[in-house]
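Sharing a structure below in structure tokens format, with a few things to ask.
Just so it is clear, A, B, C and D label the chains in written order, and each chain counts residues from 1 on its own.
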Amino acid sequence: MTEFLTAAVGLILAMLGLGLVSILRGPTDADRMMAAQLIGTAGISVLLLLGTVTGVPAAVDVALILALLATFASIAFVKKGLSRLETDGADPGEDR
Amino acid sequence: MSVARDIITVAGVSAGVFFFFAGTVGLLRFPDTLTRLHALSKADNLGLGFVVLGLLPQTGGLRDGLKLISIWMFVLLAGATVSQLIARTARQSGSGK
Amino acid sequence: MNIATVFEIALAAVVLGLAIWTIAVPDTYSATVGFIAYGLLVALIWVRLDAVDVALTEAAIGGGLGGVVLLGAAARLRDTEAMTTERPSLIVRLSAAILSAAIAAALAVTILLLPDPAPTLAPSVVANAGATGMTNPVTNVLMAFRGMDTMLEKVVLLLAIVGVWSLASDQAWGGRPGPRHQADPNGVLAFLARLLPPAGIVVGIYILWTGADHPGGAFQGGAVLASMWLLVIMAGLVDTPPVRSRWLRLILVGGPGLFLAVGLGGLCFGSAFLAYPVAFAKPLILSIEVAMLLTIATTLGLLLAGAPERSAER
Amino acid sequence: MSAVTVFGLCAAAAVGLGLYGLIANPQPLRKIIAFNLLGSGVFLLFGIVGRRGAAAGFGNDPVPQALVITGVVVAFSATALAIALLLRLFQIAGSTTLNSRAAPSPRSDPSGH
């Protein structure tokens, strides 16, 4: 069982690495946002699996915090990207 | 009993890993933003969902199970909102065509 | 080589790749995104090192709040990138590379040659755990055995917020930080900002409460509360408070103030500064933590909101 | 190769990379990010030392853990303050260069807005 779950962690981690390639490649900000979202979700899954594998039940709490904070970070990310598009050509000082 | 639990875990986590794989490949290979968004939502909702489902039989008690499910709920909510905002961004900037 | 080691090497490789990407990529915005992903994965390393308390903090700061601070600045400064094209000369970069490589190599050698058996303070933490009535060793160290550090850390947070506020321009002095966010009150973001914070507040308080016996604590819970507050602000449902407001300042000094009062009480009635009477140790520590939760949530939220930019009237 | 060795080498490399970025990168925001990377490497080194000191039923020595938590909070405060300074510099000078020879072009409204 432990071997299976560890292998699953490894596979999801590999997906996460591929998601990083997508951040790296872009080409648009929307793609970067999506990749960040995917990395957050994959990180949560890895944490949940890792908590079960290593017998650290508190890893679920880390995943809980990560779920809330990653939500917040992606909303901030998208919101900043949105206002950038909306205020294109406007005063950069108001750009937030 | 424990064998049945392990079977559920293996099946759930395997399905979850499959959807993560599908979502990542879609994110890398699909031609435009909106189709990539479609692929992403599969990894987000179903990938994590199946992993949570698979891990439920392995949890110690009701409280841990509830925590797992609420994590999934948070991610579902966030995923739905962020996807909609990203789609709007993409349409406004014209890259969604 | 078993499968766990393969996993560890893969994790370390991904983290290192992200670190290199963060330093080397030309676009600052991409570097920031890379750093957020890095913070998220470092939290995984901390879980792997069996330091779940630190993993919680790292997930809250590295993956969340710290990333949003950097991202906001990167989004604002993005258009100025073309202006700063000057780079240090080749000699400077080469010597910097040699210096950094030498330091990294020295650290690596030190890691490989650490003494065996390793020195540890864990047994003395266990031996004294009965004095506080709590079983989470990290909370014991933070709140009791090294309580002075934790109190001064909160003072540092307070100093940082004073520093940020003092950067306001004359018109905005004492005003509201950040722009007023306009959002469709029936839009999807406003919907999320109404639905998520109640659950988030429960999670924040749970993290504080569980900190007595399991990994968790006031700072991690406060970070969750701060992110929920900022989510509501970003959705345009409420505005940031003017920083001259009296109740705001009262909350900001409340946590450290109570900590200091308890510490001085220990000096007057007990044996030393911050010495808790054994019978009341747990209630005292818990009340300090509850006051801290509010203070930390407000401080972190205001640190993210930045310097005041609008006068209070608008 | 144990977890301590693998992550220890990773931490050492993060410290080196952060130091290089801090010196060699001209943009202040990049310097702040590099400084955070350097700090996170140092924190990980603490974690390694604590992991080796696992005893008395704990997987990691609690004292270094508490030090790291304090350190993370202080590093975050410093980062937020540095970012606020940087944004204010940008607001006043219209650029974020640290190079005193390059004359900064003042914007029309130096006090912002």
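Assorted remarks:
By definition in this document, a residue touches a chain if its C-beta (ideal position, glycine included) is under 8 Å from a C-beta of that chain, and two chains touch if they have at least 3 such contacts.
Quick caveat: nothing in here was measured; it's all calculated off a predicted structure.
Common partners of subunit B and subunit C, by the touch rule above, are A.
When chain centres are defined as mean Cα coordinates, D lies farthest from subunit B. The count of contacting C-beta pairs peaks for the chain pair C-D. Centre-to-centre separation between subunit A and subunit D, using Cα means, comes to 21 Å. Put simply, the C-alpha centre of subunit C and that of subunit D have 12 angstrom between them.
With centres taken as mean Cα positions, subunit D sits 32 Å from subunit B.
Residues of subunit C in contact with at least two other chains: 4, 48, 50, 65, 72, 76, 80, 189, 192, 196, 203. Shown for subunit A are the residues that touch two or more other chains, namely 29, 56, 61, 64, 68, 70-71, 75, 79, 81. Shared contact sites, meaning residues of subunit D that touch two or more other chains, fall at 59, 91, 112-113.
Against subunit C, the residues of subunit A that register as touching in their complex are 3, 6-7, 9-10, 13-14, 16-17, 20, 23-24, 26, 29, 32, 36, 39-40, 43, 46-47, 50-51, 54, 56, 58-59, 61-62, 64-66, 68-73, 75-77, 79-81, 84, 92, 94-96. Interface of subunit A with subunit B (complex): residues 1, 4-5, 8, 11-12, 15, 18-19, 21-22, 28-31, 33-35, 37-38, 41-42, 44-45, 48-49, 52, 57, 60-61, 63-64, 67-68, 70-71, 74-75, 78-79, 81-82, 85-86. Of all the residues in subunit B, the ones that touch subunit A in their complex are 6, 9-10, 13-14, 16-17, 20-21, 23-25, 27-28, 33, 36-37, 40, 43-44, 47-48, 51-52, 55, 58, 60, 64, 67-68, 70-71, 74-75, 77-79, 81-82, 85-86, 88-90, 92-93, 95. Against subunit C, the residues of subunit B that register as touching in their complex are 70, 73-74, 77-78, 80-81, 84-85.
Taken in their complex, subunit C has these residues touching subunit A: 3-4, 6-7, 10-11, 14, 17-18, 21, 25, 29-30, 33-34, 36-37, 40-41, 43-44, 47-48, 50, 52, 55-56, 59-60, 63-65, 67-68, 71-72, 75-76, 78-80, 178-179, 181, 189, 192, 196, 200, 203, 207, 210, 214-216, 220, 223-224, 227-228, 230-231, 234.
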